[in-house]
Amino acid sequence: MSAEERKHEFVDSIRREQVFRTLETGVRLDGRKMDEYRKIKIEVGPIVKADGSALVQIGNTKALVGVKVLVGTPFPDTPDEGILTVNADILPIASPYEEPGPPDESTIELSRVVDRGIRESHMVDMESLVLEKGKKVYSVFVDVTVLDVDGNLFDAVSYAAVVALATTKYRKATLKGDQVVFSEKRVPLKPKTIPSSVTTAKIGRALVVDPDWVEEAVMDARLTLTFNSNNELCAMQKGGTFGFTPEEILKQMEVARAKAKENRAILKEAIEGAKKK
Amino acid sequence: MTQLISKKNLRLDGRKLDELRPIKLTVGVLKNADGSAYIEWGRNKIMAGVYGPKECHPKHMALPDRALLKCRYHMAPFSVDDRKPPQPSRREIELSKIIREALSPAIVLEDFPRTAIEVYVEVLQSDGSSRIASITAASAALADAGIPMRDLVVGCAVGKVQDKIVADVSDTEDKEGQVDLPVAFMPNLNLITLLQSDGALTKDEFEKAFKLALEKGRYVYEIVRDALLEGFVGRKNEKEGN
Amino acid sequence: MSAEERKHEFVDSIRREQVFRTLETGVRLDGRKMDEYRKIKIEVGPIVKADGSALVQIGNTKALVGVKVLVGTPFPDTPDEGILTVNADILPIASPYEEPGPPDESTIELSRVVDRGIRESHMVDMESLVLEKGKKVYSVFVDVTVLDVDGNLFDAVSYAAVVALATTKYRKATLKGDQVVFSEKRVPLKPKTIPSSVTTAKIGRALVVDPDWVEEAVMDARLTLTFNSNNELCAMQKGGTFGFTPEEILKQMEVARAKAKENRAILKEAIEGAKKK
Amino acid sequence: MTQLISKKNLRLDGRKLDELRPIKLTVGVLKNADGSAYIEWGRNKIMAGVYGPKECHPKHMALPDRALLKCRYHMAPFSVDDRKPPQPSRREIELSKIIREALSPAIVLEDFPRTAIEVYVEVLQSDGSSRIASITAASAALADAGIPMRDLVVGCAVGKVQDKIVADVSDTEDKEGQVDLPVAFMPNLNLITLLQSDGALTKDEFEKAFKLALEKGRYVYEIVRDALLEGFVGRKNEKEGN
Amino acid sequence: MSAEERKHEFVDSIRREQVFRTLETGVRLDGRKMDEYRKIKIEVGPIVKADGSALVQIGNTKALVGVKVLVGTPFPDTPDEGILTVNADILPIASPYEEPGPPDESTIELSRVVDRGIRESHMVDMESLVLEKGKKVYSVFVDVTVLDVDGNLFDAVSYAAVVALATTKYRKATLKGDQVVFSEKRVPLKPKTIPSSVTTAKIGRALVVDPDWVEEAVMDARLTLTFNSNNELCAMQKGGTFGFTPEEILKQMEVARAKAKENRAILKEAIEGAKKK
Amino acid sequence: MTQLISKKNLRLDGRKLDELRPIKLTVGVLKNADGSAYIEWGRNKIMAGVYGPKECHPKHMALPDRALLKCRYHMAPFSVDDRKPPQPSRREIELSKIIREALSPAIVLEDFPRTAIEVYVEVLQSDGSSRIASITAASAALADAGIPMRDLVVGCAVGKVQDKIVADVSDTEDKEGQVDLPVAFMPNLNLITLLQSDGALTKDEFEKAFKLALEKGRYVYEIVRDALLEGFVGRKNEKEGN
């Protein structure tokens, strides 16, 4: 059963006041402009036991993704498609407000929003992941471990997942009767597009991108938008317990569209850099 | 691939592109809940019930300055073509949160500090756009419970099917179409409180679809208002023994 | 671990007193006679996505049942029988004393008592539900959603399950090798008998049928009896934290036998009515 | 189909139709539990243990006017032919409730308001009629714990096998016979506290079976009383150093 | 998440003092010598529905083990080995500090330590338990029910498991196509060695074997050592929230080695005794 | 069977029998945790974080005379060759306990009665001897959090491979070798706080292996001390604005 979490109660009123007052002057508490991201750092391939991996930092937020490509049985309603699973874990060390245990609703939402960004952009060619229709397909596990939380998990996890997938090389499998045989040969999981996620937040009258933890703590609402390589919107999720006017939605859409292009360039650079090694 | 839209721009169920399915809403249908509403929207059949304001359990979750809003969206095992296992799926957990956040700004939670308000949505039969139908019913159930509200929350899921923008996406259109874009909002306060989408949309397509959702949502608002009025009159007559 | 639930603590002593005093005068608080049921209303087939369904109301108690016929693997000890599963959910909206979550012991008892009434009456011809012995059988899910609670769930749920099953039409399946193919043709799940459940309660010295919520709250013990079409007893369950004398048991048995016949007629009427449509 | 009853009216294990299997009951067999009893009834091997009256956890479950009775019926994984998974099955959950309700009227719960009394039954080997053997052992364990009781709860499962009424249904008779009808009651207070059945019975058959169950249950009562006496004497001797 | 359990808080300081003071005089509270076990009683085969079983008592500690040999699918990484599973349950009646529910960390540690003692001694010939490589193997379930707790569960459960396994006779299975057919013939699970477990504890400066409940409540640390029939160490586990000096480890090792031999003789006697019947 | 040790007594990764893999330890790597440490030990990549002393939840677990130590050892799903399901396995539950007991004697818990200290270990990549690397990192994270300690806990897993005693067992050596014997201890207090083994060892082999573990552990101690010093200097410089 869903209920409001109290994590954000912990920002005291003085801090809250500071955020709002600074925003009124047109800058943010950490000095950023409204449409400015914190520094995005990407490390490709830190986990050699995974088929693909990436560590992404946006400011102090730190997300590690490992991709494993296994073989499984397709879902009955999609016999001619592979399986993609995004599963996020926010470690207790990542934030004093996280408890050990099964994922809570925020973590499930995080997994599902990142999943939709990837799935609806058609980044992964699901039909190429079939070994035998209706019987055996590749099953792509995108496992997310969030190590440190300082706001904007949606984008950090999305970027880590996208880079990890785009640099994944998996062992080719063949079927001998019922048995799956893995070859030593590795094939790349060629991305058909590079989805780029942009999260914006409404704080009072201000609209900002890439909210940090304090901004998330005081924000009214959040909007995460994912665009494919053609810069078409392919997934969207509003969050937070307040709303946007229609005009705010349209404005954020265009800010995000521009940012998505910039950030996609950063993702691509990391992906290309890794290929050259 | 099924032909979802005919040459005459009619949809599988005979609707025009911007036409809603029939909607039937009744409030005050349950004895035990403090407020309730039952909606039939196309073949969607959804029951919403509300308790509260009531004591908050566990106590440490109570909020000092307002009521705690709790919400559950759940589907009956028989509500979909395949049987849905009874335990909540990840989808249901996400939707419970999204629906809670969509309803929250409409409720005057600060009138009831330290209490809890519980909203339960049970999908008895699901037929596309069920989250919007759920929010609509939940909103009516909250009003039926007499909980003070700033506005109603209503909406419409629009979509893209065979490259055309359509209103009130059906089950088949959701599965075989290109885009599903549910929108919920408060018509009087002009605030969007739920917005999701999947599938590719150009800038123009999004703007067209978004506008359509708001327009159709306003029509849904009329239906809810009428149902609440009818419920109010019904209860009044009951009281006065008519 | 089983422990007494406190739901019934909530009936105040004045109400309790009223129930007892009224019963001493030979009528019940709501004016009914000792052996009188509240109005039974039955709607057949409200859920078209199910293979069979029924909504039953007994007074304010409201139970919806949907039947789905799937294909599964038989239990190892009954390779030549289909599978029948009754699963009840009492919604939190149905009563202020219900919490969301997995079924508690009362709900499990409810499922199992209704299941036994159906199973032990041999209503469903389990042997007709085999596709290939030991490999594939039909698996009949009887899912119960209780929407509003005002006493006597046992009978309301039983009636809804019986009517839903008796009007079920399922898609015929055939096996092609390992694969299950469903045809468009629907076949009825012909009932071999119509079990009729009657619940009685002991309140002080009084024995009543069809207890409502207040009566259940103050009752000493409960007895649910299910009879097949020959009006033979085929299942029985005592509940509640007090007991019956042997004479009380025998008396209730005969009252229930008569009521079962009456109520079976109501069930049959609903079933026949649906067939005509 | 196995021939369950011979032409001479003897059952598979050689018993007459109304004959019980051998029953052996010992109390005070565990060091840690406040009261305990071990029963062998046919090949059933069942351990019952009792704690209490003790502090009630969680506190909000405590009852203001009497002790809260808690009860668990559980089967060891090796107790049946197939391995039983360790987590409680739906059957075990139902039986825990049914056994609790069967024992409850016999205990003077109102002597210990706000406390809890815990009854645990562990079936080490199961062999038909295990719920009745469990109640019998639990009843003895409660008495062994020194908890004040109005009466003992004992019983007998009767059944219908090859159209004949039999006493003390065995494993095979339960599975392959027609009816299983467990009855538990308080012999002195003349109150039935557990009654279940499955399988078709005519009016006459039921009455015959029911009467047989009560008659045989009274015999079981003698066994329990003797075991308790023996346990009491044993403990008394222990104390006095004999 | 692991956290210290409070069960041992319940020994009062007077009792604690007694244990220490007595140990200083070179004897234990119950009169035993430092390297003396309590009386070990073994009953072989109490559960005839299991394929092997044993009830072991060490003083008041009482552990019952039942072995079931089923057929299952091997683990992918060991296609040519059977499966061995040790699963312990400490009943709520066994100790006032046990709660009903899934096994806690101490119970899981108990299962795993007993499992390692058996597995690492190679008592069970895992390769003899294969029906068809990679497809079907015997799956040996060693289920433990602890009935009464008075210290040293590790040894009591280990002994019960070892005796139950050594006297197990299981029904031979054969494969007909995909189906498993069990014959009436029973074959013994011949043990290749008889592992013998010895648990020692450090209490202040004293080192004792077979600690009882009070001793465990006040001990600094515990060491469980398992030796195979050649009296080689084959598994070891330190427990408790304090440590041992290296010299203490070496000393305990030799005490345990001697005790293991003595106790193995007791196990063998019980096993041989059962075979003669 | 793989040849794990060459004729020249070199191991698969080129190490000598008593040689450790490269170890890299950094403290203070996380913003949110009160203390943290990241270790790369061979291909092991492990993050440890510490919170506390903090309020103890649930309260009834608080200890009157000391802090409650909580500990979780967890492996990321991608940390091993096969995918590890996210929920804790029985192995992880056992190791959480063993690691807690290994760290406990080093912490001055009695300085913080009624509080809790939480230690979290996340294995991002596992490569043999991960429990020892985990304890080492956790020990450093505790010191980084400024929690008073009597000593550090460090260690080394030794083993028997092709009948030879080796130091710092690798993944392959653990799986295909004969014995794995992890040892953790407090070097200054000379107390062993973790000791496990599996696989057959004679008396002499055990003594040789045990001695080797202690010797190598002392070398690991130097590494941890240096990393802590570096972390301390780093933070000091940060403060002073260098």
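The letters A, B, C, D, E and F name the chains in turn, as written, and every chain counts its residues from 1.
Everything that follows uses one rule, which is that a contact is a pair of C-beta atoms (placed from the backbone, for glycine too) under 8 Å apart; a residue touches a chain by one contact, two chains touch by 3 or more.
Small disclaimer: the values here were computed from a predicted structure and weren't measured.
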item: Path length in steps (a step moves to a chain that is touched) from chain A to chain F; value: 1
item: Between the pairs D-E and A-B, the one where more C-beta pairs touch; value: A-B
item: Centre-of-Cα separation between chain F and chain C, whole angstrom; value: 58
item: Inter-chain centre distance, chain B versus chain C - centres from mean C-alpha coordinates, in Å; value: 31
item: Chain centre separation (chain A, chain C; CA means) in Å; value: 48
item: Residue numbers of chain D (touch at least two other chains); value: 72, 118
item: Numbers and ranges of chain A residues touching at least 2 other chains; value: 1, 100
item: Parts of chain C lying in touch with chain B, wherever the complex brings them together; value: 46-50, 53, 60, 62, 64, 66-68, 70, 87, 89, 91-96, 100, 102, 141, 143, 145, 147-150
item: Of chain B, residues touching chain C in the complex; value: 30-33, 36, 43, 45, 47-49, 51, 72, 74, 76-83, 86-87, 118, 120, 122, 124-126
item: Chain A partner contacts - residues on chain B that touch it in the complex; value: 61, 63, 68-72, 82, 90-91, 93-94, 96-101, 104-105, 118, 181, 185-186, 189-203, 206-207, 210, 214
item: In the complex with chain D, residue positions of chain C that touch it; value: 1-4, 6, 9, 76-77, 105-106, 108-109, 111-112, 116, 119-121, 223, 228, 230, 232-246, 249-250, 253-254, 257
